[in-house]
C-alpha cells in the first residue's frame, strides 16, 4: 500500500491523544522515572516523555509482556478444568512514540513467534496493536540501525510514522496501513494535506558500520573463535540486554499453584543466564559465559538470518546502553568484522 | 520541676499538718506543687464496699482531671487515697471495657497516663537524692517507722516495698539522721476502720503498736498516713488507758521529721497541731 | 499418585465430644491422594492399630495421617504400627486434634473446621515425606550420676550392680546429702546415719563406681548413648592418694570459726575440714575462701603437721573428660533462706530456726550432741512452736505448691522434742495435715495423742521478740479463728523445699526442661516420671519436686532400671531427622557454594568441609557436609542457607512449604 | 596511574599473576573492567572517579578465576568485598593479589589479605548523607505509605538480575530464586514476585553487604534497591554493634549474643 | 455481617511452644480457634520466607514462638532465630509490611496458660486490625495481562 502523507500540527498531537483515548483505546507511550524511559499506559498527554534518544526498554512488552498468563486451571471432582485467555479480553492498544528501529523489531519478533508454531496469544495481542512511530532526529554512538537494514526514518512496522519537521516544528504523518487509516478516520480534521516535504533532511545521520556480508559471512566460520572468550570476560551474565531488546523472545513457563486453583504463566528468560541451558542431569551445554555470549550474537546475526531471513537485531543500541558491564554490541560486532579467522 | 498533688479530704481537715509539711518540704527543695483542680473524694470511705463502678469512677475522675491539667506525676500523701487511686489505675489498665465504661460514666476520658507517687516514692525520687549537705539538724532520735496497711498492701497491685517487713521509711529516716529501731508492729493494724464505731478496740490495737515502740526505746513514731496518725496521736487517751500508763511518744509524719532535719520551721511543719506534744 | 490413609481417633469422647470426627474423616477422604479414611473410638488401642495395619496392607497405602492426640504422645506408637505393616515409619504423621483442638475449643463448626484443616495440612505434608532409615549409634555403657545424696547413691549402686560403670559426682567434699544431716527418720524413727552410712561406704568401695567428690559438671555435649562430659574436679588442696584421713590437720587448723554447712550454721568447722565424721571420702579439703594461707599468704600449719606431706597448696582444678551413655540427675533440693520470712524474724532472731537446723540439734552427731538446746543461749526451750507451710502453699510467697515432706518431719520433730525435753510444751501450727503414706497417719496421731503435741490449725502472722520470748501470733481456726499468742522459747519453721539455686543453669547445660519453680521436668507426669525430655537423661529424687526418702530411693531405682535398659543394647536407633547437604550429578555436585556460614550457625559443630576431588586428586569443589552422628536436627543451618542447599529430613523445605500452602488454600 | 601500569606489567611479566583486573575506558564516558593478560594489555589500565563498578564481582567467576592467580585494582569497597569473600572461603592469598587504591587515589600493594583487612578496618562503613536523608524520609512515612512506595518503586523490575550479577556477594551458582522445589520466590516479575525477590536479596545480604551500590548502579531501570541493604546495614549497627567485613570473625547473622534485643518478643 | 475471623498461622518449635500448647490442652484452657499450628523442630528451622508465604496465601496474622532464651533444646537455635527475627522484622517494617501482624513470643513447655493468652491476644489484635487487605491486593492480584508498571 502506498503511503498517504499528511501534515499534523504540533499542537494537534494532544488532540489526537485525547481522540484515541476517547475511542476506548489504551495508549502506551514513553514515560520517564528514575532517569529511565519505558512504555506504559498513559492517562495524561503531558506524561509522555519526549527527551530521549531511545527508550530504556523496548516496546515489546506490549505484545509480549514480561509476565503473561496463558491459562487458569482448577482441580475438581472430575479432574482438571482449564480456561484459556479469550482474545476479546485484550484491549485495543495504541503504541505511541516508538522509534523506527523498534517498529522494525516487531516484524523480527513476530517472525520468531510465527516460525513453525504460530503463537496464538502473541498474535492476538499484536493484532490489537496500532503502531504510531516517530522518526529519529537525534542519535548517539550506540545506534547502528543503518548497519542492519533500518534507518532513522524507516516506515517498516509502523502503521503511521510521524517525522518532526525541525526542532520545534509540525509533523509529517505517513499513513502506512489500514490500522493507520482507521486512526485518521477517528479525527480526519487533525490530518491536513501535506505538501512536498523532503523528510530525509530532518532525520538523524546514522553511519553504516558493517555490512550484512561482513558479519553474516564471517560468523559462519567464527563459532570456535577465541574472540568470544575475550569479548565476554567482563560480561556478568545478567539478563538486562535480553530484557531491553526489542527482538529477544525467550521465555519460561511457570505454574503458579494455590491448592486446587492455579494459573500458568510465561515469563521472559535470557540466554545470558548460566542456568538457562542447565540440564537436569547437571550437564550444561553452554557452561561458560563465552558460549552464552556467542549464542546471543550468533542467534541474532547468523541463525535468524539463516532460518527466518531477518536479523534478530534492529541496531537500537539498547543492550549496550543498559549493560552494567559496558558490553558494547556494536564494538563487538566491529571487532568480529575485523578479526582474523 | 512541677509535681501534681492530690490532698484528699484528710489533708484538708484532720491532718492539715501533713499537707503543710509536704508543701514545706517540697518548697525547700524547689518543687512546685500543683493541686488537681476540682478534685473529689477518692472513695476510700465506703464506696469500694458498696458499688464497684463508683469505687473506680471516683478515683478515675481525679486522674482524668490530672491528665487534663497536663500533669504527668501526682503525689498522693494519704495512704488510703494512694491505695484507691493505684488500685483503680491497675484495674482499668487490665480491663479496656471497664475503662471505656468509666470514661463514659465520668463523661471524661481516662487515659491512665499519670504516674502516681506515694509520699515515700516522692521523697525517694526528688528529695533524698539531694539530701546530702542539706541536713542541718539531724533528726537524731530512735524512731519507730510505722507503715500501717494501705501503703504496702496489696503488694501485687502497689508493687511497693516488702509487704511484711517494709524498709523504705526506715531508709529515709536513716538519711535524715535518725536511728530506726527494729520492732514488730510496722504493719500491724491500727484499727482505723473502727476508729469511730469501736474506739476501745482502737485503744487496744493502736496501744499494742505504741506499747511495742515504747518498749523498744522509740523516741518518736514516724507515719505516712493520716489514719495511722489520728489513731496513734488523737486516740492516745484510749491507748494509754489500754496500756495502763502514760506514754507520750510523739507521732510525726515523715515529712515533718524530714522537715525538721533540714531546718524548717516547726510551725510551718504544723507540729503545733498534734494532740501528743512533739518534744523531739 | 499418593495413596494416603487418614485415621481419625475419637479418643473415647476426648475428641469426639467437641469435634465431629465422622465429618473430619469424610471430608479428608475427598482430598486428592487420600485412598482411605475412617474414624474410630480408640486409634491407639490394639484394634485401632490393627485397623491402620490392615488398611496399609489392603489398600496399599503410601502414607498415613493419624488424627488423634499430640504427636509428642503417640507418634512413636503409630510409626511403629506402620512399620509393622511394612510401611516406612517416617511416612506416618499425626494431626493433633486433642491437645490443640478438642481440649481447647468449644464444640462447634469452627472447631471441626480446624480439625479438618489440621488433617489436610498433614495429608499434604505426607505427600512429600520420604522413606527414611533410622540411624544406628553405639552406646557408651557408662552412666554419670550427678549428686551424691540418697537418690544419687541408690541410683549409682543399682546401676553398678547391673554390671555397668558409674561415675558419681558430688559438689560437696562428701556424699550423703541432706539425709546425712537428719537425726531420725519418719515414720520408724530409725537413725538416719545408721542406715545411710553403709550405703555411702558401699559406693566408695564398689568396683564399678568411680566417685568424684568436690566435683561439678562443667559441660555436656552429644546425645543419648554418646555424651561427652567434662567434669570439674575442684582442687581439694591435698594429695588424695597420700592422705590417710588421720585428721591431724583439721585439729591444728587455726581458723576454727567457720559456720559448718553440715550443721546448718549451728556449729563451726575449720578451714581444712572433713564435713562430718562419717564422711565418704573421709579425707579433708581446704576451703580456700577461709584459709589464712590463701587469704594472707602465710600459715601453712596443716602442711607442717601433716605426717605424710599430703597438703598441696598449689593444686589446681582439673577437668576430667569422660564419655557417658546416660545421665541420672539427682541434685536434690534446698530450703528457703532467711530474708524470705521477715514477718517470722528468721535471720533476725537466732532462736527461729529451720527444720533442717532442728535436725542437727536433735542429731547425736550435731552441735549439741542431740540435746535440744536453743542457739542463742544454749538453754533447753520449754515452749517450742513449729510452723508448718512456712512459704509452701503460699501464692504470695511465690510457692503455691506443697513441699510434701514437712507434715511428716514436723510430727517427727515435735515427737523428738517431747521425748528429749520432758515437761516441755510443743505447738504445731498447720493448714492441713498431709500424711499420705504407709504408717504416716499413724505416726502423726502418735505425736498428737501419745506425745501430747498441741496441734493448732491456723496460720502464724508474725513472730516478734518481747522480753526474751518469741511471741508467735497466730490464729486457731478450729476455735472460730480465735487469735492465739504463744510465748515461745524457740520456733522451728518448716521452710518450703525449693530447687537449688543453680538448678536452672544446670538444666540449661543439660538441655532438660524445668518447671516454673526450677524443678526439673519429667517427660510425662504419669507415664514417664523419671525420664526427661532429653533422651538419655533421667531424674531421681527431690530435684524433680520435694520428696521423702522412700520416694527418692524408689525413683532412683527406677532411673537406674532405665539406664540399665539403655545399656542392655549395643546400638541405639535414632530418628534420622537430621540435616543433609544436597548432592547433584557432576559437574555441579551440589548447589552448596562452600561459604561455610552454616558452620558458625550450627550449635553442634556438626558441619564440616568436604572436598570433591577429580581422579588426579585435585580438589574441584569444596562443600559443606553434615556429620550425621553429631547433627541433632534443629535445622538452624537450613533456614540460614542462602542457596537452600541444606535440608532437614522430616521437616524439608517442601514439607514445610506445603504445610503453609495447605493451611491457607482449598484442596 | 603510571605506577599501577608499571606494577601490573611487572607482575604479568614475572608470571606472579596470570591476570590483572582493572579499569579501562569504555563506551561513551563510561569505564569498564579490563582483564590484562599480556603485559601490553596493562597499558590500557586507568583509574579515576568514574571507576565505580565493583570489580570484586569478577574474582568469583570461574572464567576469570580459571586463568590462574589474579591481581585486582581495588578501591575501598572492592577491598571490603574481597575481605567478606575471603571470610566466606571464596578467595585467598594463593589466588589473589590486591593492588589497593586508597581513598586518596594512592596505590598500595598488599602483601596478603590480612594486610588488606587491616587497611579496610581503618575505615567504617558510613551511609552517605543523601541516602540517610532518603531513609529518614521513608522512616517518617506510615507503614502503608512505605508499602505503596515500595510496590511502586519495584514495579518496573523485570528480574534481569543485573543487581545480583553485579553484586560481589551474589556468587552462588544457584540462587534461591532458582530453587524450585518448592518455588520459594515467584518467578514472574509481578508485584509480589518482585517484592519477594528484593526482600530475599536484602535478607541474604544482611551482615554481608559492604554498601558499594553496585546493585543500584547495575540496575537498568534505576530502582533504588540499595536502600534495602542500607537499611539492613543501619539495623546491624543499631542491634549488633555494626558490621565490618573480617576474615576470621564469625558472620554477623550466623552468630548471636545472649543479650540480643528481645523487647518485641512476648 | 458475621464478625471477621482472622486466619492466624503459628510457627512453633516442638520442644517448648508445641509442648506448651499441648499443656494448654491438658489443662483444658480454652482459647480462640483461629490459629493453626505448624510444628518445627526448633525456631532456628523457621525460614523467614515461610512467614512471607503465609501472608501471600492469605494469613491475617502470624505467631512465631519458641523456647525462652537459654532453654533451647538445641542450645542456641532460638538465639539464632531471634537475631534473624530482629532483621526480618525491621525489613518488613521498612517495606511497609504491618509488623503488628507478626507476633513473636517465648512460650515454654510449662506455660500452657501463656500460650492461650498469646493466641487470644493475637486474635483480638488482628481482629481489631481487620483483614490484611493491603497485602492481599498485591498478592492475589491476577497476573497483569499487559504491561506491568
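Labels A, B, C, D and E are assigned to the chains in the order they are written; within every chain, residues are numbered from 1.
Methods note: a contact is a pair of C-beta atoms (placed from the backbone, for glycine too) under 8 Å apart; a residue touches a chain by one contact, two chains touch by 3 or more.
This is a predicted model, so every value here is computed, not measured.
**Student:** Quickly list, by label, the chains bordering both chain B and chain C.
**Tutor:** Touching chain B as well as chain C, we find no chain at all.
**Student:** Which chains lie in contact with each of chain B and chain E?
**Tutor:** Common contact partners of chain B and chain E, which must touch each of the two, are C.
**Student:** What chain pair shows the greatest number of contacts?
**Tutor:** Maximum number of inter-chain contact pairs occurs for C-E.
**Student:** Sort the other chains by how far their Cα centres are from that of chain D and give me the top one.
**Tutor:** Using the mean of the C-alpha atoms as each chain's centre, the farthest one from chain D is B.
**Student:** Find the most central chain, measuring centrality by the gap between its CA centroid and the centroid of all protein CA atoms shown.
**Tutor:** E
**Student:** In whole angstrom, how far does the Cα centroid of chain D sit from the Cα centroid of chain E?
**Tutor:** Inter-chain centre distance comes to 33 Å.
**Student:** Just how far, in Å, is the C-alpha centre of chain D from the one of chain B?
**Tutor:** About 66 Å, centre to centre.
**Student:** Any idea how many Å lie between the Cα centroids of chain A and chain C?
**Tutor:** 73
**Student:** Multi-chain contacts in chain C: which residues touch at least two other chains?
**Tutor:** 588, 601, 640, 653, 657, 661, 665, in rising order.
**Student:** Send over the residues of chain D in touch with two or more other chains.
**Tutor:** Expected reply: 156, 173-174, 176, 184, 188-190, 253-255.
**Student:** Of all residues in chain C, which touch chain A in the complex?
**Tutor:** 30, 32, 584-588, 661-662, 665-667
**Student:** Considering the complex alone, what residue numbers of chain C touch chain B?
**Tutor:** Contacts found on chain C: 341-343, 348, 396, 462, 464-466, 471.
**Student:** Please output the residues of chain D touching chain E within their complex, sorted ascending.
**Tutor:** Going through chain D, the ones touching chain E are 138, 141, 143-151, 155-156, 176, 184-185, 188-192, 195-196, 199-200, 202-203, 206-207, 228, 231-232, 235-236, 239-240, 253-258, 260-262, 264-266.
**Student:** Give the list of chain B residues in touch with chain C in this complex.
**Tutor:** 155, 162-165, 182-185, 188, 212, 215
**Student:** Can you list the chain D residues touching chain C in their complex?
**Tutor:** Going by the criterion above, the answer is residues 88-90, 171-176, 179, 181-182, 184, 204, 250-251, 253-255.
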